[in-house]
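Paired with subunit B in one complex and with subunit C in the other, subunit A is shared by the two complexes that follow.
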Partner chain A sequence: MKYGMLYGALTALPLIFASATAQAQDFKACQVTDTGGIDDKGFNETAWKGAERAGEALGAEVKFLESQAETDYQPNIGSFIDEGCDVIVTVGFLLGDATATAAAANPDVDFTIVDFAYSPTIDNVIGQVFNTQEAAFLAGYLAAGMSETGTVGTFGGINIPPVTVFMDGFVWGVEWYNAARSASVQVLGWDPDSQEGLFTNNFESLDDGRTFAQNLFDENADIVMPVAGPVGLGAAALADELGTDQLKIIGVDADQFFTDPEKQHVYLTSVLKRMDATVFNAIELSQSGNFEGGVIVGTLANDGVGLAPFHDFDSAVPARLSGEIAALQNGIINGSIVPGQ
Partner chain B sequence: MSAGQTSKVIDKARERHSLVVGVILIVLAVFTAWVFGYGTVGDATFRLAMRGDSFKVGDLVVPAAPYAYVVAAILAYFGARLMMRSGSRRANLILGIGLILFITAFLTWATADHSFSLTGMLKSTIIRALPIAFGGLTGVLCERVAVINIGIEGMLLAGAFSGVVFGSLFGGWAGLAGAAMTGGLLGLILAVLTVTYRMDQIIAGVVINIFVLGLTSYLTSQVLAKEAFRHLNDAPVFRAIDIPYLSDFPIIGPLFFQHNLFVYAAFAMVAIATYYLFHTRTGLRARAVGEHPRAADTLGINVFRIRYIQVTVAGMVAGFGGAWFTLGSVGRFDENMTSGRGFIGLAAMIFGRWHPVGALAAALVFGFADSVQQKMALLQTPIPSEFLAMAPYVATIIVVAGLVGRARPPAADGKPYVKE
Partner chain C sequence: MTDSQTGVGSAKKYSVSELLTNPNEVDLKTLLLLPAMAFMTALFLGGVIMFVSGVDFTNIAFSYRALLVGSVGSVFALSETLVAAAPLIIAGLSVAIGFRSGLFNIGAEGQILTGGMAALAVGFSFPELSIWVHLPLSLLAGAIVGAVWGGIAGWLRAVTGAHEVISTIMLNFIALRLVDFSLKTDFFQKTGRNDPISKSVLDSALLPDLLTWIDPQLRVNAGILIAFLVVFLIGWLLFRTTIGFEFRAVGANPDAARYAGIRIGWTFTATMAVAGALGGLTGGVQVLGVLERASPGFSSGIGFEAIAVALLGRAHPTGVLFAGLLFGALEAGGRQMQVDTNVGIDLITIIQSLVIVFVAAPILIKSLYPFAFREHAK
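On to the complex of A and B.
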């Protein structure tokens, strides 16, 4: 369903914008986004927050280039290299090949990539990966406990590991709940064993998000976790129209209660993936000259991933359930519980 | 060639055609019996009632294997009949019915021992077809007056964008008006470029696409994303309107009479466009301009004026259709949110043989395959999701190549008219 490909070929026109900071220094940190846009209320936006914070706190000059299509990755990275960027942040698993190629050709430029770990590691690349399944596990447990119909659902953008790791954790969380409370809550949209499920196959058509959520709703789901960047906002629009007694949404990447304030009442919680922290770290390392190729892993223990507060649903979540979730969180942090095992 | 010889040639072609169709049906019959029937256990449960229906109807329960054998028998019977009594005039009709039966057998097989909401799937068929139908209708209106419109995608995107901005500022109806006006403006620009300045029509359309994508992406990331302007990207969504009495019917009610404005408007526009093009004097003139502008001009028809007006109106249709993405679905704009539906609409126009009803039908075929694909992904069929994602495109190609046959565009399509 990649209608965007044809379009991208016709319109390989990346938009360049500089966000110059007041104390623009010599050090340049440059970010290449994935498709979906810098203001996607999740993935790209969260990573950009880290770069912006580096701009303020470290006085670096920060810039971004948006990729409109997969064909933009390489040219965007290339134009940042030509501009003399000191560290280039590439946001997304899909940029893995383009980043590795550019890093090999430009050993004096530092690179850091979100959602990709190279093996073996590359000397001038820091990969940032996240144990998102730990946080999604808690969300799955919560969803199972809050569902009135006994059915919850999820769908993804593209069937790639950084997306499906959310869905894995979500399903495992529901299964954990079923075992702990001898319940039989069903999860639709993902099967961790066969690694097959429901995917929009893009990160841009918001109306897909609405239709896919409607599809799950028609099959009796009353809580849906869309893992598809801005496409998930379409699911939030449906929940807004149906009412939260019919359908609730679990946000991903950022706390969507804050990033999507117009529809904030539909979010039961969000599965946080703090790319802003890891992006900031990598830029800081590069500026201080301590940059070393390798992997940063975000976990529940180091706050790289987490479960957002319930906000409007605070009083709706029973104390017993939130207590169990806190206990699970401790269990995962101290290693006594490993999601999926 | 005499009349007798001509009809003999036609008979030969028809004979060969029904032979081919017969073979296809036999192959489908064998496939149905072998894959969908043999070794399949359990009943397929199709839920007909929707959540929130006022009175519920029961489920449709079909025993999977026996149903597959019945379908296989019917397919084999018609296939054999076509092969023996070749030259049937109804070969295409029979093939169409055969394909529908085959698809029901497939659904029953995939759903064996499971259940899904059939009414929900059919309803989503209509919704998925909507933007494609608007795009296809725009294409029909333009190409009937011989202007190729590659810029439908850009017009949809512009409609979505201005719809959300005007909608956020002044409410939904103003959003609709703003979207239609923006689309109309782009249609007018296309007309100026291609009719007056005789620019290459493909290039003119591509220019519109690139211009709109660049401009809306810029405004979204640089203006709408700013805290001070984000209220401009929060438009009210047109809610579903239940048609009194009709919407209470089970199945039919949720399927056709519980939609928002855009669905009713799409069907109305297709009806109006069909009536206009084929049953009014102006419509006849417009088609004449598309087939043979010189002849039309000789008879005193103003070729330029008709092209200008119709391309502008087509742009308004696209702008209105584009507003569906924001005002009819999600209430906010995001970069490139139409993601190629305008191009699919262009294809729907060709598959629909440059006829509004045909374009709508092609859009519905696409929407159906798309919805089936979503349900299959939920049912965990042994078919990999990548193949399922291809289904809408494959289905469209099969239907077009197999059932529609050769389509002929308006004779002057794409050619600018030069007055002597």
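On to the complex of A and C.
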């Protein structure tokens, strides 16, 4: 407060500008990450990008706290309430309970959570959920078409809906390919019917990512989609060592070709989940005073989810395959194709 | 006690193990001044590390101010410090009591997990009980299962000579996976969820919050009172009972203890069972006071930090109390550091580690600050 006034006094001459700045400086958007950390090159980092953009475009003051363990969720949120944050962004399904509790206790603070939708909705919480299966479906179709061994694989971090929805879509995409081309490409690591599959049970260990990718590779998979935040970077390291003719990786959340530049050549594509856009939206709504509790759903149609470009593999993907994927994308957008049905 | 007996500056040299097993014979200067000096040195080096990693002087100053404000600067900060300190104190005592018998209990982590699960199981079953029955019963379940888990390592040591460092580490892994497995069973898993998360503890088994009548944000709960009580009880056990004397005698010199008629094997098992009970109680306090449910790896490294707390507290109950409070303060203050200056929480880990390195190397600290430890001729 004291610094805000000082700042105002220093810039007193262009009066309008000064008051605008002071007002903007007063608005605090604060983000609590999940255990993957702010620099996970995917999930948390993408959400943080949205907050950073809000900082630049809206002049909001943005802060973050990294959760190192699940025990940190509640105290981290508590610290931000104590800090006087106007809107608190919690990143991840696992923060669902902690966010709901904090929101109920602090009706004056706006909350928005990535990957959780409350039912019934809470007045001061916007849930951000994504139809990720739509984009993962396209990735599955692509993987099936690009696999030389006829086997592709996936594994997840923890068996929670926002993770398994990637794996559902991926498997459905492969099945769609098998039906369309009379092929018999196998998917390892996930069964959409029993909802059981391969999970590292954490979002931190790069070693686990490497081991799981190695296991899938040993079982003949030549394309693997890890859905486990930074854990997937371990899988990318393995693909880098083996060479992309042996193993390719499908990134998740962000376009990992850009977020993981050292290993960018191993990413066939990435399943994009644009948390940056939804986080930015929620912060903007809170700042402008139009915040209303509810749900934002990211879809292929509204660009909330998507398939990244193939980058280095552009020339390797046959025109027929990329054409079919474009057609599928249109089909999903206009509703004629519903993944999983 | 004369100054020459403390060994400072005299011909007698300290070994760390000697300090650990006989801290009751060490004077206040060594018990408090040494850790304090180690802490200051670690803070200074932490500042150097921040500077090297590109943080300017103003921000270093701001960071340490935030550390102070975030740990003791407000009621909220104090509350957070106590919440973080409670499990560290109890688990620290678990490790400390092992040190007293010459045992290195690396297994607090596993004892927290198994004890926590037991406390949880009792805590979400039995909906009809009153808090006066349900809460103590849940805590007791945690302590008993922890005692069994720790006792296994002590018994293995006594009967087969298997080193407790190895067996407790392995028991940690087993406990970790056992929790993963249990959380997927129908008995533990929250209804309607696919991920490994447990049912919630019933209200009648929750440790009551102490200060929510002032502000609902204040999370400090009765766990800290349990920690204080345990500090007192362990002090009494170690220094006022025959069992405690046996623990210490075996730790000081097992051969002499055996010659004096103390059953070494039994003492090893008993020590580890008591240590395990404290570990299990820590798990109970975490689950019933802070988490209210369990998820994979809910011990979140408390069992390992406890080793540091026990070392810093020189395995003395009072020392462990202060060390636990200090580490709790570092945790709460570290969060504020991150909020105010974006200095990563990792730096706190570095400072904590530096403190331990310096405490474990008393000679180094003494040679750095000769004036503080100079003997005064009488």
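Remarks
Just so it is clear, the second predicted complex is superposed on the first by the 317 of 341 C-alpha atoms of A that agree within 3 Å, B and C clash if a C-alpha of one lies under 4 Å from a C-alpha of the other, contacts with A are read in each partner's own complex, and residues count from 1 in each chain.
The working rule: a contact is a pair of C-beta atoms (placed from the backbone, for glycine too) under 8 Å apart; a residue touches a chain by one contact, two chains touch by 3 or more.
Predicted model, so just to flag it, every value in this text is computed and none were measured.
Per the definitions stated earlier, placing subunit B and subunit C onto a shared subunit A by superposition produces a clash between them.
With both structures placed on the common chain, the touch criterion links A:N159 to subunit B and to subunit C.
For subunit A, the partner that touches more of its residues is B, with subunit B and subunit C as the two candidates.
Shared-chain residue A:G197: touches subunit B; no touch with subunit C. Within the superposed three-chain model, A:F80 lies in touch with subunit C and out of touch with subunit B [touch as defined at top].
In the superposition on chain A, contact is made by A:L206 with subunit B only, not with subunit C. Contact with subunit B, but none with subunit C, is seen for A:E262 once the two complexes are overlaid on the shared chain.
With both structures placed on the common chain, the touch criterion links A:A183 to neither subunit B nor subunit C.
When both complexes are overlaid on chain A, the residue A:A316 reaches neither subunit B nor subunit C. When both complexes are overlaid on chain A, the residue A:A237 reaches subunit B alone and has no touch with subunit C. Of the two partner chains placed around the shared chain by superposition, neither subunit B nor subunit C is touched by A:A326. In the superposed three-chain arrangement, subunit B is struck by just one stretch of subunit C from 277-285, 349-357 or 367-375, namely 349-357. Shared contact residues of subunit A, touching subunit B in one structure and subunit C in the other: 66, 68, 159, 201-202.
Those residues of subunit C whose C-beta lies close enough to touch subunit A in the complex are 70, 74, 76, 80, 83, 180, 194-196, 216-217, 219, 286, 290-291, 295-298, 300-301, 332, 335-336, 338-339, 342, 344-345.
Contact residues of subunit B toward subunit A in the complex are 50-51, 116-117, 120-121, 124, 127-128, 131, 153, 206, 209-210, 213-214, 217-218, 220-222, 224-225, 234, 237, 239, 325, 329-332, 334-341, 343-344, 371, 374-375, 377-378, 380, 384-386, 389, 392. Per the touch definition, subunit A reaches subunit B in the complex via residues 1, 3-4, 6-7, 10-11, 13, 15, 17, 35-40, 66, 68, 159, 188-189, 191, 194, 196-199, 201-202, 204-207, 209-212, 214-220, 230, 233-234, 237, 240-241, 246, 262. For subunit A in complex with subunit C, the residues that touch the partner chain are 30, 63-66, 68-71, 74-76, 78-83, 94, 105, 158-161, 164, 195, 201-202.
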